[in-house]
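Okay, so chain A shows up in both of these, paired with chain B first and chain C after.
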Partner chain A sequence: MTSLATTTATARRLPRIDLWWVPRGLVLGLLAFAIFGPLTNLVLWTVAERWYFPHALPLEYGFSYWQRVFSPRGNAMESLANSVFVASLTVIVALALAVPAGYALARLRLPLRSLILVAFLIPQAFPNLPVYVNIARLFYGLGLNGTIPGVVLVHVTHGLVYAVWIATAAFSAIDRELEEAARSIGASALRTFRDVTLPLAAPGLMASAIFVFLESLDEFTGSFFVGAPDVNLLPLLLYTAGAGGNYQIASITALLLLVPSIGFMLVVERFLKADVLSRVGH
Partner chain B sequence: MSKRLLGLILVLPALATITLLFLVPLAASIIGAFEIEGSYGLGNFDKAFALYSQDILFTVVIVSLSTAIIGLVAIAIGGYLTLGENTLAVSILRWLYRWPLFIPFIVVGQVLRTFLAKNGMMNNTLVSLGVITPLEATSFLDWRGIVIAFVWKQAPFVALLVSGAMASLDRGTIEAARNLGASRLRILVEIVVPQVATTLIVGLVLSFVTMMSVLSVPLMINAQSPTMITADIAFRLNAYRDYGVANALGLISLLITASVAWIYLKHNVRSQA
Partner chain C sequence: MTPAPFLEVKKASVAYGATTVLEGIDLAIAKGEFVALLGSSGCGKTTLLRTIAGFVKPVAGTISVAGRDVTRLPPDKRGMALVFQSYALWPHMTVAQNIGYGLKLRRQPADAIARRVAEMEALLGLTGLSRRKPAQLSGGQRQRVALGRALAIDPEILLLDEPLSNLDARIRLSVRHEIRALQRRLGITAVHVTHDREEAMVMADRIVILDGGRIAQAGTPEEVYNRPVSSFVAAFMGAENCVSLAGRVTGGHFAIAAGPTNAPCTVPLAGRPLVDGPVVARFRAEAATLVPADDASAKPEGTLVLSGRVESASYPGGHWRHAVVVGPDTVLVDAPAAFAPNTAVKVCVPPQALFLFSPAGAETAKAGPSAYKSNKASELAGA
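Let's turn to the complex of A and B:
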């Protein structure tokens, strides 16, 4: 709704061209460069055979590093399989804990509700390193160090904040009257939950599952202290390759971790609707 | 069974997980911060401040600066998505801003390390546009790199939360103010932002605590001095097996994040009252 005066003025000088596209295009172009520039740079590194300063582009392109990563002797395939397996188990355990907790926080009267919500934030709030060192000591005594269940437990603790907060928001976004209607025509509390509440909350719960999955794929510090060197995961491979100065291997590993993340980004709004989003953390 | 009891039973498994796998080791590390060869004292803190006070200040400044920039970027993006009148520009922005949303921190570290390096694409572009000469090209892999990495990764997250909250606002007040001739910037600052303040603060608090505990970004982008507390903790453990000072540094950053979480709690209590 630009005012009439400016519209006619623009129309007289430059028919059919909106001058506002100059600043708009500039800002959007800069944003596009800030976002896709780094990603393009990473992709270039995955196919660069030789590249050094001051050359703007790689001197030689090729796939020899891809062959090295995916060769039967390379450990990328093992890391990839481990990462996906650990993340899937983490999702199952985290949701089994978060669905009842989220329902209770959204629907039932709880003493100290704010405090309980903040309690799940604690694993994100404290630099995890000293904690993971102490978990590693604890797990060593229990025989969990260097095992998949050990790593899964650490990832569950880390991901619970997303699982619980999003599940709580998903449940509180549901219209109470739908549940009350089901109850008033004789459905039991459990049946109401299974047939009415759970299906309505499903998109939000799906979003929280994907969040937890990605958090587990991303998790680096805990995997390093509890998992390494027995359980190889992709982030550990990326870090060791990067620290060793091997930009190609590090970039290829980073690209493998990028694909599921960007895939989720493209579909997130199908699962996480605005009414759920506006309730996160309330 | 009363609703309160049922609620507690349903929350209990999740709370127990957090307690056993996080609070217990956390308590162990807090106690460890005061432990010096079997006895207790403040020696670890003396050593932590003597060696790392510059890094502690650096961490607070970096994370606060990043949080402020993230807030501004998120409001700008959310505001344009809500108030923008050119539908094409709005949908381009909506498609564009979310790309970094779920990219793992360790990948962000690698992506920006290649981009901001001396021969990275940023310098190459500046050189080819004639903004700088090749001799002036410097690596951005210092504090600027950390701030860029944090903003790059966290601003879309807060923008997503904020634009979701803005989208569910009542359009009536906005239209009314628009009809009375208020500029869009004024509507954003005086009508829209105050109404989504809770969501904005939640997003910023989550970002603040996330940034305080990320290890991979400072390790990959800026491992030299001054660096962030997390990198110092990793160094104390790897190089010296010095649990005392590592735990003391952990407690210091816990106190910094606790004061920020306190702001959230206070705000939440006030808005529910």
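Let's turn to the complex of A and C:
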């Protein structure tokens, strides 16, 4: 004990420079640049009035493009409202499917359990473009093209894998005896689910809701083929602005999309506990 | 002894897939009785408890409470409360919410629930902890919350699944007596699963010893301790010393023949189903006495005397425990004073502490009807 204390004391008196910090610092610096370099560029573009090659920095700064985006005639606010509305609906529909599916996958001994879990990955596994072109053709026939329900449906198929996988993990992380304890003192199966299972799974379900929300907010291909031009969403606005060479509008839109993403990322870390994460996909 | 059984398990069998866990369990428990299900791990005791609770469906047989068949009823309709080994307290509820949950389910008014919860907390020494979450409690406190949650609903039957195994040794001893006293005071019928022999002995009115999914013996603690019906039960109840002898049934006695390590002696049969031929003898370390080999004093009638050699001695406290080599076997014998290793000694086992078993199972399997006949004959001779 005493020898340990003395060693720590000597270590404190003589701070040694660890040479390993040189390569570590380099790698960390490069990583920081890779992450924050493009972001800085994006932020610069949002306040650049004039910026062209070969200048490294904008020639003139100002907020006139922000005014244009947020002016009553600009369609950014409408797109934002649409995007949030579609994302919220997508979360509701996806969770309505994922809660029972996740519970069943976590609790019942299904023979093809892992196969069913993988099935939810299929919408992600195939190249998006041909799939959505076909869906668009199908939805034309059904009258769903260019409608909010149509876009929500597309986003649900896309987000369901997150919803179901995380919900399954959240439910299987709950000790079965906690449910049995409720059953044994008189709670029906439904009551047990409401009072014990659901509150305990809530953080995991919240996390899956956030993932679905973000997926829907960012989803482009499906929104483009099924939604445009009737349902205007933020990624479509971003695309139009970017394709038209209007980098300021595109950057401001991208920044708008980034805000909820970063906000949710900070929150989701609180909700996703290690015991749930370790069960994702199992 | 028992009037009409209150909780009755009839010919219950449980199987998980192809493996049979319980086979033809018959058990009748009277109202207010405390029954301990005792066995080593994997013997099916927890499965039997979960079958009674309704979490496991038997493939055959019935379970009834007060004459009502509950075999097909879900756990919440059986009027039982189960206390889990893990306690299974709900982490998102406070102590008061955990204890009061069963009453909330029964739609009792809030003030009645609060009163009952306070009552349970006072009874179990949890006063002042109402607002704590289970994570903020010690192991002993969690155990009492789990018990309080089960008792709050006034269950007809209290099921306990090794509720003491996660407590440290000192608390365990006091909680044993607390649970027992509480069960007596409230007049609850209780079924308690444990692998701890002493715990079962101290707490239960009746002990049911399970072995490989069957009941090996059921009886009062005194019965299973002093009159084990099989070699397994004897060993499980602490008679771990085992020597092979041979003998014959003569009238109401069993005459043990002289062997390479033992003198002949005759012990009363006392209704035991022994047959002529080899027998397995079991006895406890503390029931035998150790004397020097040249000791010539008279032994009480029927005492089995084995000659052996001391191999080693240790002092577990209160007495010396000797490992004595008797022929091919080694037995443990207690003595008030230590014998030096390699001393020639005699091990004396009084007849009431000597458990004899004919290897009947093996013999029946091999010889079939003839063994049955000789068994019958020995019974007649005994009567």
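In this text, the second predicted complex is superposed on the first by the 252 of 282 C-alpha atoms of A that agree within 3 Å, B and C clash if a C-alpha of one lies under 4 Å from a C-alpha of the other, contacts with A are read in each partner's own complex, and residues count from 1 in each chain.
By definition in this document, a contact is a pair of C-beta atoms (placed from the backbone, for glycine too) under 8 Å apart; a residue touches a chain by one contact, two chains touch by 3 or more.
Here the structure is a predicted model, which means the values were calculated and not measured.
A.B. asks: Chain A superposed: clash or fit between chain B and chain C?
C.D. replies: They fit: once the shared chain is superposed, the two partners occupy separate space.
A.B. asks: Can you report the vertex angle at chain A, computed from the C-alpha centres of the three chains with chain B and chain C as the arms, to the nearest 10 degrees?
C.D. replies: 90
A.B. asks: Please indicate which partner A:F85 is in contact with in the superposed arrangement: first for chain B, second for chain C, both, or neither.
C.D. replies: Neither partner.
A.B. asks: Tell me which touches more residues of chain A here: chain C or chain B.
C.D. replies: On the superposition, B touches more of the residues of chain A.
A.B. asks: Is A:W66 touching the first partner chain B, the second partner chain C, both, or neither of them?
C.D. replies: In the superposition, A:W66 contacts neither chain B nor chain C.
A.B. asks: If you stack the two complexes on chain A, which partner ends up touching A:P38: first (chain B), second (chain C), both, or neither?
C.D. replies: After superposition on chain A, A:P38 lies in contact with chain B alone.
A.B. asks: By how many Å are the closest C-alpha atoms of chain B and chain C apart after the superposition?
C.D. replies: Chain B and chain C, overlaid via chain A, are at closest 12 Å apart by C-alpha.
A.B. asks: So in the complex, which bits of chain C are touching chain A?
C.D. replies: Residues 53-55, 74-76, 80-82, 84, 86, 88-92, 101-102, 105-106, 149-150, 153, 155, 159 of chain C touch chain A in their complex.
A.B. asks: Taking the complex as given, what residues does chain A use to touch chain C?
C.D. replies: Residue positions touching the partner: 175, 177-178, 180-189, 191, 195-196, 199-200.
A.B. asks: Touching residues of chain B toward chain A in the complex: what are they?
C.D. replies: 3-4, 6-8, 10-11, 13-15, 17-18, 21-26, 28-29, 32, 85-86, 89, 92-93, 96-107, 109-115, 118-122, 124-125, 127-128, 134, 137, 152, 160-161, 164-165, 167-168, 178, 198-199, 202, 206, 209-210, 212-213, 215-216, 219-220, 229-230, 233-234, 237, 243, 246-247, 249-250, 253-254, 257-258, 261, 264-265, 268-269, 272
A.B. asks: Which residues, counting only chain A, touch chain B once they are in their complex?
C.D. replies: Checking each residue of chain A against chain B gives 1-2, 18, 20, 24, 28, 31-42, 44-45, 51-56, 96-98, 100-101, 103-105, 108-111, 114-116, 118-135, 138, 153-154, 156-157, 160, 164, 214, 217-218, 220-221, 235, 238-239, 242, 247, 250-251, 254, 257-258, 261-262, 264-265, 268, 272, 274-275, 277-278, 280-282.
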